[in-house]
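These notes are about the structure you will find just below.
All chains are identified by letter, namely A, B, C and D, in their written order; residue positions are counted from 1 within each chain.
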C-alpha cells in the first residue's frame, strides 16, 4: 500500500469516494476548483493541490469525478494538464458519467501522452458512495484495468468488466441511468393514477417495493415520489437531463430510436422550464401531477 | 377445513391456483368452458361441474379466474348464474385483472342478490402460481375479506389490503402491470442501444439484475429480452395489450394523462399488427429492434 | 320542392344547417331535447315536434345532428323511435361525427325496419355552416345517396362520396379531425418555440398562413393560438377529446398505431384535468406553454 | 444592375437560385466544392472560381446555400476565407437552414471583419426555386437587409422580415420545417388508418387537399404519401432529420418541450436505421405502415 494517487473533483460523490480510498490505505493528493471543498479531506491527511496537474506523478494514477463532459475535457487537455504530467505508464481512472464518444476521444488524446484511459463510471448516490456500496462498470485496456482493480474495489461493492473498448462502460452507465429515469417517470404516472382513483400512493409504492419490484430503485424512488419529497437533491434534475441527453445523442449517432428517452427528455425539460433544476431529479414527476390537475402538496416535513 | 368452494376458469393461472387450494385442504367444485382442462384437477379429487352455476352452494364461496371483463361479466349475469345460486351470504372472490369500473358494476349487481364481491387480483406468472408465490391485492367489504383470508393465504405468499372500495385492488393491479410493461419497453430500448453500440445485451441485463434492479421483473424479463426468447408465452402479448388498454381507459375516466401508457399501447398494438398476439408479451420489444434496423434473430433453442 | 323533411338536434351546428334547408325550399319538422332551441326555426316556419319520432313521415327523410354516439343511438333505438316511424323506404341522413362501428351497427338496425342509413358527416364550424360552406363526406347505399344529394347540396359547398360501405365517411371525418388536432398541437409547439426565442408568434402564424400553409385550418387556428383567444368555443375541448378517442378506438380495432393521436389524447386529457372542457379545443395548447414555463396571458379583449 | 455578386454552394437548391439571379441581371462568380456542378452556370455566363474566397470582392455581396451548419462554418472561418476577402462593408446573405445559435456565432465572427451577416433561409423545394416561387425569411441589421432586398426579390415570390436579431429568421425557418414534418407524419398516420379501414388513401388525400387543407404542403405531400412515391428525393430524409435535430437542440436550450418534435426525431431516425437516408423525407412514413403490419408497396412507376 502506501501508494499515492491523485483525485480531482470533490463534489458530493467525489468526497466520500476519496474518503474510502484513504480508509483503504491510499495516500491522496486532491484538487477541486472550489478549494474549500477539500478541507475535510485535508483533515484526514490528504495533500491539497493548488492546480489540478499537481495531483499527478509521472507514471502514476489519477482518478477524476467531474460534473460533465466539458469539465472533464477541459482538465485533461489544458496546457500542462495532469495528463501531460502523468506521461508514459500513467493511468487515468475516469468515474464521471460522460458520452462514450467523449471517452473515446479522450482515450486517443491520452494515448499521445502514453497515458491509459480507464472508464469506470459508478452506480449509486452519495449515501451509497459513503457506505462503499457503489457498483463500478469498467472498460479500457485490460492490463490497466487489472492494475487499478484494488483501487476500484476500495470504493464499491462490485466491479463489472465490459472489455477493451473504452466507451463500453459509459454505454452501460447510460443504459442504467436511462432505466432509472424511465422507472421514475413510470412510477410517477402510476402513483398519480392511483391517487386520482382514491388510493394512497404510499400504500401502492410500499406494496410494489416489497413484491415484484423489490429493488433499490423502486423502493427508494417509489417512496420519495409517493411522499413528494423532492427538496434535498441526491441527484439534481439538471444533471438527470444531462444524462438523458447523452443517451439520446449516443442513440442518435447509432440510429436507435428510443421513444421513452424522448419522452423523458420532454418531461425533464419541462422541469427545467418550471424552475426545478436544483431539486432532486424525481421532481420531474411533479409535471405528471400537474397534467392531471393536481396541485403540488406542501413539503411533508414543513 | 373440509370446506367446499367453487372455482371457475381453469387457464394456465387457474389450474395451479386450484391445485394449491386442494393441497390446503379445500374441496373444490370446478368449471371450465373447455371441459377437458378440468381433467388434472378431477384426478386430484375435484368435482367437475357441467355448468358454471353448479359450482356454487347457497351462502358459499366461489373463486373466478377468467380472461377478461366480458368473460367475467357474462358468467356472473347470465340467467341462473352462480351469483344467483350463491345468494345471501355468498362471497365471490374475483382473481381476474379487470377494470375497476367493471368491478364496481359487478359489485352492485352482486349486492342485489345478497352476494359480496371481493376483488383479489394477483401478481405472478404461472410458475409463481404453482409455487404458491403469488402476491394478492384485496379490496371489498372488510368482513368478507377477513372471512376469505385463509383462502387467499393458500394461494400466495402475501396479501395486501386496499380497503373497502371494491375497485381499489384492480387499480393497484393495473398500476403493477403498467409498471411491468413500462420496464419491458425501457429494457428493450436500453438493450438495443447497448447492442448497436457493440455491447452484449446479456452482459448488461445480467449486471443490472444483480445491482440496482435486483428484482424479479428486471431479472426475469431482462434475461428473456436479452436472449430474445419470446416463443413460449407465459403471458400472451394480446393479454398485455388488454391490460394496457384497461389502464388507459381508467386513466381517461379519471383525467390522468399517462404518456408512457400511450406509448406502450402503440408498441403493443404494433406487435398485434405484426402477427405476434400469441407470443410472450415481451415480444413487443421486437418492434424496438426493427426500428433500429436490426433483423430479428432466430430463436436461441432452434 | 315543398318536400317535408325531419331534423333532430338543434345545437350550434344543427340550427344553421336547418336554416339553409328551409332557404332551399324544404319544409322542416324539427325536434330538440331542449325545446327552446327550436324557437328561431319556428319563427321561420318550421314545425316543432314534441317527440323526436314526430318529425318522421312514413318513407320520408330525417336528418340528425347530435353530440355523440350514445345520443344518436338512443334516439334511433328507443321504442317507437323515428326509425320505426320512417319504416320501409325511409332514409336517415346522419350528420354527426361518430365511430364507424356505430354507423355500421345502426345501419344494421335501420335495415330491420326497411330504413336506409346514409352517413354524411360534415367539415366546418358554425360560421361555415351558416355560410353554406360545409364540406360533406357521404357513404352508404348509392341509390339513397343519389336521392338525398340535393339535400346535401343545400347545406354545403361540396360533397365527396366514399362509396357503399356505411362507415367510410365516418372514417374520413375522423381522419380530418385528427389532422386538425395534430395541426393545432404542432402550431402550438412551434409558436411557443418562437415566443421563447424572442419572436412574436403572431408574425410567425401570419407568415405561415400566407405561404406554405395558406389554408383555413392554419390561418384560422394559427391566428387564434398566436393571440391566445380560447374563450368562445366554436368547438369545445371536450368534444375534441371525444373525436380523438373515436380515432384511437377505431385505430385500435384495426391495429393501426397512431403515436400522434396518442399524444393528442394526453394533451387534450390534460386540458380536461385542468378544467378547460368548455373552452375552445385550441385551449389544449395552453399545456404546451405551461410545460415551457410560460404563464397564461390574460385574454386579449379584456 | 450589372452588379457582381458571389455565390457559394451549387446543390439542387443553389443552382436554380443562381440562375434566377442571372436572369435578373446580376453577374455571378460561383463556387462549389465539386466543381463540375458549376458547368451549367458557366454556360450561362457565370465566372467559376477555383477557391471559395475568389467569389468575394472587397465590400461586396456573397450568397451561400450550403448543406449544414458545419459546411457553412468551415467556409466562413477557414484562413483567407471569403469573409476576410469581403471585409468592411461586405454583406453575406446566408440562405441555409441552420441553427439560430450558429447564425449568432457567425454574425459575431463576421462583425470582427466588418462584414454584415444577413440570415435569409427560404421555403420551397427545387421546383419552387426554379419557378422563382421561394418564400424568404430575413433577419439581421436593417440597413443590410434593405440593401439586399432586390437580390432576395430576384429569387422568390415574397420576403418576410423578422427584425434585427440575426437568428430570428432561422427560428422561423425551423418552425416551418417542423410544421411540415409534423404534417407529413400526421398525414401518414391518417392515410394508413384510412387504408386499413378499407378506404383508398388517394381519395382521402384528394378530398382534404381540396377542402380544409387546400395548401401546398398537404396537397403535394399528401398525394406523394398516398401514392407511396418516395424514390426521387426533393428533400432527403437525412436532411429532414438534420432540421428536426436543429429544432430539438434550439428547443432544448430555450427550455421548450416539443413532444411532436421528439416523436418526429424517433420516426426519422428509424428511417435512417432502415436505410432510407437518401429517399425523399416523406419515406419516413413507411415506418407507420410497417408498424400497422402493412408491407411496403412496389414503386408506382415500376
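Quick notes
In the analysis below, a residue touches a chain if its C-beta (ideal position, glycine included) is under 8 Å from a C-beta of that chain, and two chains touch if they have at least 3 such contacts.
Being a predicted model, the structure only gives us computed values, none of them experimental.
Overlaying chain B onto chain C using CA atoms gives a rotation of 180 degrees, to the nearest 5.
Placing every chain at the mean of its C-alpha atoms, the farthest one from chain D is found to be B. Centre-to-centre separation of chain B and chain C, using mean CA positions: 40 Å. The mean-CA centres of chain A and chain B are about 37 angstrom from one another, to the nearest whole unit.
The mean-CA centres of chain A and chain C are about 53 angstrom from one another, to the nearest whole unit. Within chain A, contacts with two or more other chains are made by residues 251, 255-259, 263, 266-267, 270, 273, 291-293.
Residue ranges of chain B in contact with chain D, taken from their complex: 259, 266, 270, 273-275, 287, 290-293. Residues 245, 251-252, 255-259, 262-263, 265-267, 269-270, 272-273 of chain D are the ones that touch chain A when the two sit in their complex.
The touching residues of chain B, when paired with chain A in their complex, are 100, 123-124, 135, 137, 158, 160, 162-163, 165, 167-168, 171-172, 174-176, 178-180, 182-183, 185-187, 189-194, 196-199, 203-204, 207-208, 210-218, 247, 250-251, 254-261, 263, 267, 288, 291-293.
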